[in-house]
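One structure is given here, and the rest of the page talks about it.
Chains: A, B, C and D, in written order; residue numbering restarts at 1 for each.
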Amino acid sequence: MSILVSTKTRLLVQGITGRDGSFHTSEMMKYGTNVVGGVTPGKGGQSFGGPEDQMVPIFDTMEAAVKETDANTSVVYVPPAFASGAMEEAIDSGVDLVVSITEGVPVLEMSRIHAFARDRKVRILGPNCPGVISPGKAKVGIIPDQIVTQGPVGVISRSGTLTYEAVVNLTREGVGQTTCVGIGGDPLIGTSFIDCLELFKEDEETRVIVMIGEIGGTDEQEAAQWVSQHLEKPVVGFIAGQTAPPGRQMGHAGAIISGSSGTADEKKRCFEENGIRVAARPIDIVDLVRESLNQ
Amino acid sequence: MSILVSTKTRLLVQGITGRDGSFHTSEMMKYGTNVVGGVTPGKGGQSFGGPEDQMVPIFDTMEAAVKETDANTSVVYVPPAFASGAMEEAIDSGVDLVVSITEGVPVLEMSRIHAFARDRKVRILGPNCPGVISPGKAKVGIIPDQIVTQGPVGVISRSGTLTYEAVVNLTREGVGQTTCVGIGGDPLIGTSFIDCLELFKEDEETRVIVMIGEIGGTDEQEAAQWVSQHLEKPVVGFIAGQTAPPGRQMGHAGAIISGSSGTADEKKRCFEENGIRVAARPIDIVDLVRESLNQ
Amino acid sequence: MDIHEYQAKEILRNNGIPVPPGRVTGNPNQAVDIANEYGDKVVVKAQVHSGGRGKAGGVKLAKNSEEVFQAATDIIGMTISGHRVNEVLITPAEDIDTEAYLGILIDRKTQSPVIMVCSEGGVDIEEVAQRNPNSIRKLRIDPRYGLFRHQAYGLARALYRDQDLVKQAVAIIENLYQAFIDSGASMVEINPLISTPTGCVKAIDAKMSIDNNELIKHPEIQNYRDIQAEPRAETMARESGLSYVKLDGNVGCCVNGAGLAMATMDLVKYYGGEPANFLDIGGSSNPQKVVTALKIITSDPNVEVILFNIFGGITRCDDVARGIVEALKEIEIDSPIIIRLTGTNDEKGLEILSAAGMSAFTSMDDVVKKAVSKTLQ
Amino acid sequence: MDIHEYQAKEILRNNGIPVPPGRVTGNPNQAVDIANEYGDKVVVKAQVHSGGRGKAGGVKLAKNSEEVFQAATDIIGMTISGHRVNEVLITPAEDIDTEAYLGILIDRKTQSPVIMVCSEGGVDIEEVAQRNPNSIRKLRIDPRYGLFRHQAYGLARALYRDQDLVKQAVAIIENLYQAFIDSGASMVEINPLISTPTGCVKAIDAKMSIDNNELIKHPEIQNYRDIQAEPRAETMARESGLSYVKLDGNVGCCVNGAGLAMATMDLVKYYGGEPANFLDIGGSSNPQKVVTALKIITSDPNVEVILFNIFGGITRCDDVARGIVEALKEIEIDSPIIIRLTGTNDEKGLEILSAAGMSAFTSMDDVVKKAVSKTLQ
């Protein structure tokens, strides 16, 4: 099993003709993701040529695309100036999940968009996230698929390459994953650690969960409390940003220590207090996961 | 029994110190309505003196008033320029029912306010309505209480004095009412005919329902269809505006025939097609009701 | 409140919507001067609060000064659906490739603005709605979010396939929605919205109504009111806070409450009479309002009998009686006055009337029957 | 992006919030001229992107020209929490009756703007929050509806009892919320919001941060950026689209991805080293970006070793290798460069490096250990 994406995913790519969109559409198709179409306004009626002569239709609007393809998921690769509009359109179109890769969407715009998504009961993953991959089933986003393999570990992370670092170590050691989810580095994201934990809880194949957090906000702290109250499965944690100075944004718009809140120390302590073992180094995640699996 | 207001009503009066507000607060208290307080910004801490030396507290905000009095209903008597704000405050305060007497609230403001009320699951009655009276129990609004008496008829109407005309005829002939509701003459009202019909359907004491409609919109037509599909109780109808010219607003902002839609003929026909007997004159309502009661 | 085409176009123009230039005049010579500025062909259009101008001959194409003068002379002063034309709009004639419809109104059922587009424009949209309802695309706008870009795009795509026209239409739809909200409109319509052979999208005709309750927030729009186009009696009623609509009958009606006023008119008709007006004196009971009401009713020369139907609630019967007595002192009224007074303070009211040698009934049915019988004598 | 007090006040003033007058200067003589215009007492305030100005001596009351000159001379050029003060704001000293706090920020949990008021102002609000959390009233704003009037009133009532002060505060709160939204702010703070003995409510100090992602929509605010107050290397990084934060250590870090960059710094520390910077070259893999990154890192004289940690995904390892080789041609680099390259096109990258006589590791742990050991030698 897996969470968020699977063989049942029917994916539309928003911005399919763009530089990033077209490259990653091919990658996703190569991996076997069921890409059912794409959207680029003004290019409706054309086709997108994927690997091995596969063709998928391009539509002008999400409304037409969903109507035609019965898609249930969309992924947004459009530039930040148009990303809000693309997400709004996706929410309005009837898909269940919108994965927003785009970095640089204004926070006030996201505040309205998340409200809209809640109103329509649509899940947003991201923005500013690498997407999600369920090894052997489907990949939506940009996570390199060579680094994953099927297995019993669920991975949730606020970052991209740090996730790859953790996952590749697991894979090298033969520890596969059910699903790896990048929830995004922005301050306002649609799917939180807790949202993913809830899904992994219900996913029978997931036996251990890895949570990779970072400075800024209190999402990790709330997740830790949730874990101690609602989750039987073991969780392994890692927090980046131990050495980050307060008040400075560390790349991710959401990675900023405000006043004395959101430090790595606070998060690590909270993990440990709630029974989550914390890896000191990324490489240590593998050992902790293996120990948890063997319990 | 009764609908909307009863002996359980705990009422706050918004604009209690105004000319209309203070007059009608006294009237409501005289009738026995449980007025638990009033709101006038800047006059918090003062008291309102009702009939027979009854005093009720005045608050600056609805939030404080609800917290202190545990009110479940509010009535809005403030001028149109402040009525939107008063309704928003009431919706936000935790009461279940907001009765808005004020006439002259812009339609675009009401569009947002009705959305807000739906979000918060608060019922608005009105605006531009005379309110509601459950004879012998409680009166919220401005309906003259001398014209009503307790009995088995539920009355729903878009107008004020025309309702009085119908009700006084019933009362004179000894036919009492469970509740008389004025739903308001504006184009966008919070409680529709159907909403009231649903409540009267569940009200065991109500045996016959009188629906007094007028030109403009399609609320009556939808109600008629609902009656034929969902209601066993007999309904008697009346429609005002047979002689109104198209395109002209007849007093009520909502009483306007747009193009060929919303005419009195259309509504009467729709009533009759759905088994609602239509009174030709206001005075005929009594006979039709009496016949329905004797069925 | 309805505003004229040229006023609606001014609002559209201020909101960034492409509208051809145009100026109004009530003078045929000036019409020629204006037309000369635009050169070539112009359209002369009656400015009047009524539909069906075209069919009534209120819109004319003119290819030279003589034709402009003739068209303006013909149109100024003509009457369309009972409205006198005082001014014409002179605007350059446009080359038209396609004609579409774009409108916004408030939908009572969903309690939201609804935008409508139809690729069949330049004709009566109600007629299209009857004939081919599927050709009209309607979109409900959630008042919490307003118009989303993709919604505007979807509507624009329903009108045009060419991406450049679509982009222009998106901007027009977004600007029109903003104009609608900012003006406190209850209805706005561009019909036709044209595309030209050179690939431009423009608003050629525009109609707009403003929510009366919004006018207080928009003094600049309030100034658009065309007092000249309004019957004198309606101006007087409006300025005194009365609701009055003139009709064609001879039974003058003075009632408190809109629903009761309509029901009174209907009952006049029921008994074979013809109401001369709708008049609601409203909830307050200032005697002066009653005086004004009587002045308004008696200003209509058709009125043969005056019918009061007062059910006192907030309105107090004694105030109404006082107003009637006062009015009779101020103005000479030849028509008989038939009065129904019941409700709050009705006994006091009756006393005042009887002191002035008048009487009143208590039943609505009786009083209407009586009033109608006077006109049938 | 943080903006200065005087800039924030300009935005507030443009949004109708009462703010005392004020002008900035970097010159003590000019400071005296400005002060003379205001007469009487003035306050001389350091304009610097840092809290705690008061405690650091960056805010001084001056009662005459000599004191103004002295204060300006003292403050201009001083360093507060590592930031050099280049300019001072001169503003009239106000008589103060009460001091309150008013702020707006984005709450991550509710994903909404939150307005905070506290009747205890003029002090560090974080400290108040610790000591007396109940004294701070927080209100979540639903982004679908914005700020309701009754909400502004409720907040104002939490600050004042006098109805006249409440009314002024309502207007200030509403205007501040509008300024927050219209400027694309992520934080705005008025601290203190004072009331004067004559019954006026005014903003005496203001702080504001703009969401970096909003700046493109607000060129007028983008102009507020104080390049002088920003380390040269950070300006260079920003203009090249790199995320760079200077730290105090000696291990220069060049990483792709923010999370991995932080984890790399942490691992440097874990092995006993000190990171010299945070640097994320981002997802793209333009070799020129790598050149710029190396220029930035080497501009820091503390750097003793340069550590690359690249996990190729979108970033291609060959592009990074090409950038390193290119940089070595353009600039002279004395420090050793320790490279970890893995992921997309890593083999090609390794070839490019080895052709230039360099090598690379594949494990993050190894490479960090190695880099740190260089600084401990």
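Assume contacts are C-beta pairs under 8 Å (C-beta built on N, C-alpha and C of every residue); 3 or more make two chains touch, one makes a residue touch a chain.
Since we're looking at a predicted model, the values are computed, not measured.
Contact with both chain A and chain D is made by C.
Chain centres here are means of the Cα atoms, and by that rule the chain farthest away from chain A is C.
Our note on geometry: chain A versus chain C, Cα centroid distance of 56 Å, whole angstroms.
Look at where the CA atoms of chain A average out and do the same for chain B: the two points lie 51 Å apart. Chain D has residues 144-145 in contact with two or more other chains. Shared interface positions of chain B, defined as residues touching 2 or more other chains, are 112, 116. In terms of which chains touch, the assembly is arranged in some other way, matching none of the line, ring, star or all-to-all patterns. Shown are all chain pairs that touch, namely A-C, A-D, B-C, B-D, C-D. Looking at the complex, you find that chain D touches chain B at residues 145, 148-151, 153-154, 157, 163, 166. On chain A, the positions that touch chain D within their shared complex are 20, 80-81, 103-108, 110-112, 114-116, 119, 130, 142-144, 147, 157-165, 168, 185, 187-188, 212, 214-215, 217-219, 222, 238, 240-245, 248-255, 259-260, 264, 280-283.
Residues of chain B that touch chain D in their complex: 41-42, 60-63, 85, 88-89, 92, 112, 116. Within the complex formed with chain A, the residues of chain D that make contact are 106, 108-109, 111-113, 126, 142-144, 181, 184, 186, 211-214, 216-217, 243, 245, 247, 255-263, 265-270, 275, 278, 280, 283, 311-315, 342-344, 363-365. Residue ranges on chain C touching chain D, taken from their complex, read 144-145.
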